[in-house]
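Naming follows writing order (A, B, C and D), and every chain is counted from residue 1.
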Amino acid sequence: MNALRDLARQLLEAGEVKVVIGYEDSRRGVRPAFVSDPADVDRLIFDARCVHNLATYLNPRRGHVKRLGRAAVVVKGCDARAVAGLLREQQIAREDFVLIGVRCGGVFDTPDATGPLDAASIAPRCHGCTVREPSLPEHVVGDLPPEPPVGRDLDAEVARLMAMPAAERLAFWNRELAKCVRCYACRQVCPLCVCERCIVDKTQPRWIEPSAHTRGNLAWHLTRAQHLAGRCSGCSECERACPEGIPIHLLNHFLAGVVRDAFDHVVGDDPDAPAPVGAFRKDDAEEFIV
Amino acid sequence: MRFGYYPGCSLHATAREFSESLLTLVKALDVQLDEVEDWACCGASSAHATNHLLGVALPARTLAIAEGQGLDNIVAPCAACYGRLAGAAHEIEGDAALKGQVAEILKRPLGTPPEIINVVGFLQSLLPEIQPRVVKPLDGLKVACYYGCLLLRPHKVTRFDDREQPESMEQVCAAVGATPVAWNKRIECCGAGFSLSRTGSVIRMGREILDDARAAGAEAVVVGCPMCHSNLDMRQPAMNRGQAGAGALPVLYITELVGLAMGLDPKAMGLQRHYVSTQPLLDRLSTAVAVAEGEVS
Amino acid sequence: MARIGVFVCHCGENIARTVDCAAVAGSVADHPSVVCSVDYKYMCSDPGQNLVKDAITEHGLDGVVVAACSPHMHLKTFRRAASNAGLNAYLVEMANIREQCAWIHPRTPETTVKATDLVRAMVEKVKQNVPLEPIRIPVTPTALVIGGGIAGIQAALDIAEAGRDVIIVEKEPSLGGHMSQLSETFPTLDCSQCILTPRMVDAYQHPRIKLYTYSEVEKLEGYIGNFEVTIRKKGRSVDIDTCTGCGACMEVCPSKKALDEFDMGLRTRTAVYTPFPQAVPNKPVIDREHCLHYKAEARAIARGKPVKAVCQKCAKACAADAISFDGGDELIKEKVGAVVVATGFQLYSVAKDQPEPYLEGYGEYGYGADPDIVDGLQFERLASASGPTGGKILCPSNGQAPKTIVFIQCTGSRDPAKGIEYCSGVCCMYTAKHAMLYQHSVHGGRAVVFYMDIRATGKGYDAFTRRAAEESGAEYVRGRVSAIYRADGKLVVKGVDTLGGEPMTVQADMVVLATAIRPQPGIKELAQKLSISYDQHGFLNEAHPKLRPVETNTAGIFLAGCSQAPRDIPDSVAMASATAAKVLALFSRSEMEREPQVAKVDQATCSGCFHCERACAYGAVEHLEVKDRRGNVLRVVAQINPGVCQGCGTCAANCPSKSIELDGFTDAQVFASIQALSL
Amino acid sequence: MFEPRIVAFVCNWCTYTGADLAGTSRLPMATNVRIVRLPCTGRIDPLFIVKAFERGADGVIVSGCHPGDCHYSEGNYHARRRFRLFKELMDFTGIDSDRVTFSWVSASQGQKWADVVNGTTERIRALGPFEGYPGSEEVA
C-alpha cells in the first residue's frame, strides 16, 4: 500500500498527473477516490474490497472526470482489459493518462464485504483469473497476494440455464427482465459503453421502446449484450450497479463464450490485438444457415 | 511393436509361402502380429460381385471384431483382402445409413474402423527395423516391382502412394540392397480372378508383364499380392511358351525378398514352393555374398 | 401530411389474373396519407406513365407507389417518369405484386390481401423517403489496361483511337502475350506474327498509349472514374531510351542456361535477352535470376559480405552505355478512370507438382517427363518458323521428324478427377490446326487425335476440324488415353477407341497434350488488389454471365480475354473491343452520375469507435476531426466518401448508436416497412 | 388453420432476384411471407428481427447471397457473425430460434427460395402464433 501511495505522491508532486483515481475506505465500504493533493495520498488503499473497475473513468463520455486533468488510474489486471478496449477503439490515447497497476489476489463480490475472501464471497469474475499481474500499465505496485480461492464459475451458471427447457429459461429471463426499471445504471457504469448517444435514446425511429415493460426491456438488454459482444472486459460492474439485482452480466458472459467458440476470440489486454467486431473469417461456421 | 493381423484365406492355401515369409520376417524383427479372432473371408471377389451389401458386411464383420479386440490397425498382406477391408471401411464411414444397416445385420456396434495396412506400407513403416538387420545385401539384384491393381486402386479408398507412378515397393527393395528397374507394366492388371474362367487372357496379360520386366533387365519380379503371384508364377511356363529368349523369371513376394536380405532361411520362408524355381536366384545371391565376404576377409 | 399516390398495375392479365387490382387500389385509398389510388391495365405503357405524371401535377403528390412488377424491372422507368413530372425520382417506390405475389399464388382473397399489405408497407416507406440527388463524380479519362496480349492491345488501340489516353502494364519484357508464340491461327491458318506484330507496333507508337513493359500492378486505390494505380516497374538494368537494340550484350553474355520462356523451354537463352526478334520494345532486359553479377550480388548479401562487380561483360560490350547494374524496381503512380483486365492464361501442366491443392497431374502420362511429350504451346513453337527448329516439326529428344504423332485433347480439361471440370474451348480447334501443320511438315506421317467431343462452334470452325480429319488425314479417335510410356524407343500410347469398342495402342514418336487453359498465376492476388471477385479456378467473375459479360461487380473495372474464361483470339478481341466501348462510354462525360444510395454519418452522435470502418469492404470510411473555434481537436468522427461508398449498409448495421443512415434504406424507411408488414 | 405472419429480410442482389425468379418460374408459394428488400444482408441489424417480433410477426426469414457471392463482397460475412450472436442469444434467453430461418439463396435458386418460404411457413404454422415472445400480449 505504501508503494501505491508513494507512487501517487510522486506523480502528483512531479506534476505528471493532476489527479490519481484509486480506492479509499468509507463508512460503507470501499469507494472510488479522486486525489489531487499530494498531501491526501494516504487516503488511497488497495485490498480485496476494491471491486470497482476504475477504467470507467477513462471513458470519454465522462467529461467531468476529463476536466480534472491528466489522470493516473489504479487498475487491476482485469480492469486493464477495459482500458485496452478503449484504446483499441480509439476512444482514448495512451499518452493522455497514466496507469497504476495493482497485483491482485481476487476481490469480493461487493465493496462493503467483510470477513475472509473465500469460495462464497469471491467475485465470479476472479474464476480462473490469468491477469493477477497486469501487463498494460507502466507502473505496477504491491506484492503478488496469495492465489485466490476458487469460487463461483459463471460458465456453470450458463450451463445450468442452458440445461433448462427453453420455456423455463424464457420464464426465468421474463421474470428477471420484468424487474428492469430502465435506469441505465448498467450503461452508465460500463467502461465500454462509449456511444455519444445511446441507441435507446434515438427517437427517429425508436428501435427500443423506452418505457419499462418486458418487451422494451428485452430489446434493450439483447441489444446491450450484442453491442458488448467481443468487447466486454468481463468486469460485471453492470450487474453490480443494477438496483434490481438482475443477472445481466450473464448475458455478456454467455456471448463471450459464443465469441470464443465461434470466432476464436477472447478479450484480452493487448490494445493492438484485432477485435472480432467488424471482422469475419470466410470459414466462420454457418450450420444454422440453410 | 504390435500390429493387428488379418491373414485371409489365400495365406492359408495357395499363398502359404507369403504367410511363411511374413511370419518368419516379423519374428526376426521382433514384431508381434495379433490375429483378428474368428475372422471370416473378406469376400473377394465373389461377394461384392454378387451382392453389394454382403460385399460390405463380410469385411465389416472382421473390422468390428478387430475394433472390439482393441486393434488400432490391421495388416492385411493379401492385396485383395486389403482392398476389401479398406473398401468396406471407406464405404461405411461415408454412408451413415449403410453403416446402420450393416451394424443391424452383424448385430454389432460399428465404431471407427481400424486402419488397414497393406504389406508394402507395413514393410515401409518397418524399414528402420529392417535396415540394421540386413546382413546379405542383395548385391544390386535387378527387380521389377509389380504392384498390380489392388494395392493402389481405387485410390480414393487406398490413399496409398501415387496411383500412377508409385514408389513404395521400389523404396523397400532398394533399402535392402536390390536395384529396382524402371519398367512400364508396374500397375497393369495380371488378369487376377479370370485365372480359371479366361485363362487365355490371363496368359496374354501376364506375358506382356513378364516381357516388359525382362526387357528392363529384371532378374526377378517382386509382388505383394497372392493373385498376382499365382498368375505370374504358376502360369509362367504357359506365358513363356513359344517366346524366344523368355527365360524363367522368379516371382518373389516382397516379404521373401526382404527376408533373404536379412539372411533368413529360404526354406522357412517357403521359397521352395514356387513353380518357377528360385534356386538359380538363391545360388546367384549366395555366390555374391561369398565373394563379398571373401573380399572383406 | 403526406400526399401519396398509389398506382396499381394489372400487367395485362399477369397480375389481374390472381390479384383483384381494383380492390387493392380501393382499400389503400382509405389510407390517410394516400390522396389518389388508381389501377390501370399497363402502368409501364405511355398512357400508364402519363397517369402517374398527371396525378403528380394534379394532386401535388410528394410520394408515389407503383404496385406492379419487380423494381428490378421498372423502378427506373417510374422514377424517370416522376422526375419528368417534377417529382424527385427518389420519392418513388415500387411494390412487387407480380413476381412476388400474383405469379406465385392462386386467385384467393389471401393473395389480394398480401398485395394490399405490400402496397401499404410501401406507402409507409415512401412517407419516410426524402428527395435525393444523383451523386456526380469527376472522371479521369485515362484507361489502365493490365496485360499486353492481343486482348490488351486491342482494348488499348480502340480506346486510344477514340482519342483517350491509355496506360498498358505488361508483366513480360515485351508486348504480344501468348499470341506472339503461335505459329499459325485457326481457322484460316494465317501466320500469327504477321497479323499481330503490326498491332504491337501500332500500340507502341500510338501517341495516346503509354507502355510499361516488365511492370506489374502493385496497388489500385480509389473508385470508378478516380482510380490511382501504383505500378511496379521491375528493374530492367537496360535503359530502353538509350539502348539501340543492337544485341551486342547478348553475344557476350556467358550465362546461357536459362530456359527460354518464349520457346516454352525448348531452348535456352542468355541472361540478358530480348524475348523474341519482333519484341516491342525491341530492347533486352537482364534476367536477374540467371545473370552472374546479380547471382553473385544475392549471394554476397545473403552472407553479409560487400557486393562486388562480377562479369558485367554486357555493360562493357554496350556501345550506347545503356546497361547499369544500379537500378532496382521503381514504383510509379498514375491516375486513371477505368481499368481493363486482360491478363490472359497459362497452360495446365501434367507434372506431379501442382500449384493448387485441388489439381492433380497425369501420372499415367509419366507426369509428362519424357522430352517428346509436349504441350500445345511447345508444339506451336516447334511449328513456328521463328521457333527452335526453324519451323520443322522435330522430336526434342533426337531432332528427328516424328513419323507418328499423337494428339490428346482435353488433357486436364473436362476431367474433374484432375481438378478441372470446364472445357478449355480452344483445344479442339488448335489440335485440328496442329494436325494439319504436322501433315504439311511431315509428309506421309501418321497423326492420331484422341478426343472426347469435337466442339467447333465458331464461324468456319466445324469446316476446319472436318478438313483436319477428312482432308489432312488425321485419324480422329473418340476416346481417352490411359497410359503413355516409353518402350523400344517409342512412346507407347494406350487408349481406347470408344466408337470401335476396342482398346488401342499407338507407337508414337511424339505426343502433344492439349492441356487445359488456366488463369495466369497470381490472378487471385491481382483480383484482391482490384477488389474484384474470381471463381474457384481463379477466372475473374463478370457482373452478369449474359447481360454484363465484360463488366465486373466493381464499377469501372472491365474484363477481356482469358482472364474471365478460356477464350480464342476472335472472342478475346471482341471482348476487348466491348470493354473499350464501355470505357469510352464512361469517358464520354467529364462527370458521371451515380445512384445516391450511400451511407451518411450523423457527426453529432458519432462516437468515433470506427466499427463502420472495420466493416467497410471499400475503405469508404474516413476520419474527420471535429475542432473547436481555436482549432483544437475535440473528437474524431467517421465520415463516408460518397464516391467510394457502394451502398451496402453494412456500416449502418454495425453502428452501435445508429448514427449511420443509408440513403434509400434509412432506419426510418426500414422501420416503417417492418411496422407495416409485421402486424 | 392458423396463418402465420412472416417477414423476410432479403438482400437485393441474390435472394430478392431469386424470389423474382421463383415468380417468373411460377413456383407456388404460401402467401404468408412479406419481403422487405434491403441492399445487402450486411444492412440487417438484429433489431429488425426484434422489431418484427415485437410488432406481431410469428416468424422471420433472413436471406442473402451465399458466402463468396456477396455483391458487396463481404456484407454477408459480417451479417453471418451478427446472426450467430443473435441466434445464440435467442437460445440463451429461451426465445424460440426456430422462429427465424437464416438462409443463403442465390439469384438462380428460385426453387430454393420457394422451399425456404414454404418450409418456414409450415414450420411456423406448426409452432402456432408467437405468443411466447416477451411482451407480445402488450401489443394489442
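In this text, a residue touches a chain if its C-beta (ideal position, glycine included) is under 8 Å from a C-beta of that chain, and two chains touch if they have at least 3 such contacts.
In this text, all values refer to a predicted model and were calculated from it rather than measured experimentally.
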Contact-richer chain pair [B-C vs A-C]: A-C
CA centroid of chain A to CA centroid of chain B, Å: 67
Inter-chain centre distance, chain B versus chain C - centres from mean C-alpha coordinates, in Å: 52
Intercentroid distance (Cα basis), chain D paired with chain B, Å: 59
Distance between the centres, which are taken as Cα means, of chain C and chain A, whole angstrom: 50
Chain C: positions in contact with at least two other chains: 615, 654, 658, 671
Shared-contact residues (touching 2 or more other chains) in chain D: 51, 54, 68, 74, 78, 82
Of all residues in chain A, the ones touching two or more other chains: 207, 278-279
Pairs of chains in contact (touch as defined earlier), listed by label: A-C, A-D, B-C, C-D
Chain C partner contacts - residues on chain D that touch it in the complex: 3, 5, 7, 16-17, 19-24, 26-29, 31, 34-40, 42-45, 48, 51-57, 68, 71-75, 78-79, 82, 114
Chain A residues within the chain C interface of the complex: 60, 89-91, 194-199, 202, 204-205, 207, 227, 275, 277-279
Interfacial residue positions of chain B with respect to chain C in the complex: 162-165, 184, 212, 215
Residue numbers on chain C that touch chain D, as the complex places them: 70-72, 96, 98-106, 108, 110-111, 113-114, 117-118, 121, 531, 533, 553, 597, 615, 617-618, 646-650, 652-654, 658, 662, 664-665, 670-671, 673-675, 677-679
Of chain C, residues touching chain A in the complex: 604-615, 635-636, 654, 656-659, 667-668, 671-672
